[in-house]
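By written order: A, B, C and D. Residues from 1 in each chain.
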């Protein structure tokens, strides 16, 4: 087994902060998880042990290889769905961070097999729409969890080159080119879903077109630090 | 009258915690109640005196027999609907805890006589659907309260072997094989109801099928401690 | 001008508490007001000076006669709509407290001229339904405010013997036989409105019938102190 | 370059307070901004540097001319859309304050190109309805941002003499004759949008007519200080 160098202390701390931000922003509840690719090895990633994101501290962050094996769990329980992260990092070299959640407003879109589309400029990253992962097609009747490398790879295939994939009867997974960007996208995927539900009920919706989506994504994601500064302040120091 | 041994102190404390969790999670407001079967006598259960769940302390927990008679009320008022608990414990030996609430998103389903169905894997316990208790069929025009053993038995009959029963014009009752499980189910019954309302408005909903529901229930309920740890931390120490 | 005896200190304090409860429960925002009939004179009532309910302290409570004249304002501004209170006390000797608000979920019912009906047992007091006050019929195009004794009397006439009246394009007014009951009813009128909107979208709604409404109102209103104890605790001491 | 006199210290502080109120009231999140016209020069305005509104302190407030050039940025980043403010101040001498936001309930109206109309008396300022700014008509596929004087002028033209303009796929901009009034209007534009969505789903909506809107606007805006007092208290002292 390859043992990578120790990850950057600030990255570990930032991942603990990301866990707490996602709870405070309503993306995760007691469930869901966020990972970041190891800064010293592209074949490893950092993810908390099996626990509620709101409680994650630095010392709860473990190192995993892309097969989902924890290098340093020391007997602690790990997330059943760590394969989501490993297989996406394997399939998508551009991805540096992954958020898996049961973000509430997104669930009805998965359950009705309708894609999210970008309703405003904060969500240009949804310009390619969302794809749907139907686990029943891949594995029949299951406990819906992505609990193996094979299922993780199938999810990564459904994601393709997109920013987000809906998981019918389960939740969604969102990726980014940095931890901050993945968190930003997870927060605004929830916002977009809520607004899209309301707009569809109200009338005929004009979404961002492809050109608008690409341009808003490029511009708006330069503004991510503005949100991160506030969110980090609000969660306060991690233990 | 049979007097059971003193219940476990930690169970009494856990029941006070459960009351506060249910308030913080929006399942109960000033009304609703949660009980647990007595750990030393299957013919008794623990339930707070008549008060708002958010304020329950250890010393507010009383012991009741299955007929709904408090052994140690000492003149304190008891809940008008304690019969819900006693009769369900009598009818369902597998049940160790009962939550009765006016959980808001569930009310519209009772009022329109539509069942909850599991919209995502957190709610596999709803796989058998919910049944409907129509008190008007049992007792004509009433104050809607399950205020006698006969009404409690009728509610238990409507519940059958399910995890949850809707009560038209009133609320719902959810059961579990442990206090933690019953609280988990009550919280996610509310979540499911809210998401189901949104999904129905959005399109044609694909619910978990029977196989998925059974498997998700089996897996997910092993994860209940993750939620309980957070919820307990959030309510803090009980008085 | 008749000067009544000094009102009971505890009643004045309770009215300050009621103001804060209504804010915390989402019935009022910066606007809306609650009054109570003077305990020593049925021809007078207590109401705060013109200010946000959340900030009301004991010393902000003034005494008014039924014409809406403040006896002790000492130059302080009074609410433009104090006539709502005076005219309802004049028309309804059974009423001891009045809440006027822009309780949010109730507004769409007034705007679409649809009555609230009791969707669950907590709202049996809505058994007679709500009436609609259409100020345009009474006074043509106005600023919508009940800013005179004539308009207050018209509102009281629309209320009739009911517990609540909707005011199109404005809000609602709820009454009770005690301050606690009026606050309870205002809180649960908002709850009922939100649930009724959701239920109507979901299917064919079975409301409480007249017998159920009357019986639930009788029983449930004996439980008002349970809610009041919690609400009072949550707002803490008033200044 | 004309350098105006130093702005009033209390106005600078009030603008910092306004930023925090808009966050607390849910009008802005990490994005959106509020400005006020310079009290000593109608050709300048005050606006924070590029940052989350919730964190704005007095020292973060900069002075801009109407072309959107900051006089005193000292290398700090400024908002990409400062042109919204400058061009509206240029076109509307009556306007003293401008709020630009992604106020959530308003987004679905822009996306479906439906105007807000006043649903209750708190929103008489919407009596002329809202206009729609369709940036695609003006500039083709863009990043949706009002990032130049030309786009700012086009937005100001779409606003016309109204209180608010919807921006499709983006948000909205609300103006007022004082900072307090603009904040009040931004808060109640969000309230109106939420209630209008609910009312439209419920039935046939009777909005305020032109006479009612004008009269409610005149009366209600005299009550703005009541809201401001509470809101200011809730955000506490700015740093």
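Convention: contacts are C-beta pairs under 8 Å (C-beta built on N, C-alpha and C of every residue); 3 or more make two chains touch, one makes a residue touch a chain.
None of these values were measured; they are calculated from a predicted model.
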Note down the smallest number of touching-chain steps it takes to go from chain B to chain D.
2
Residue numbers at the chain B-chain C contact, same meaning over half shared and different meaning under half, come out as different
Going by the average position of its CA atoms, which chain sits the greatest distance from chain B?
D
What is the distance in Å between the mean C-alpha positions of chain C and chain D?
33
So how far apart, in whole Å, are chain A and chain C when each is placed at the average of its C-alpha atoms?
47
Residues in chain A with touches to at least two other chains are numbered 201
Chain contact topology (line, ring, star, complete or other)
ring
Seen from chain A, its contact residues with chain B in the complex are 29-31, 50-52, 54-55, 80, 102, 104-105, 107-114, 136, 140-145, 168-171, 197, 200-201
Listed in rising order, chain C residues that touch chain B in their complex are 118-122, 124, 191, 194-195, 198-199, 201-209, 211-212, 215-216, 218-220, 223, 226-227, 229-231, 233
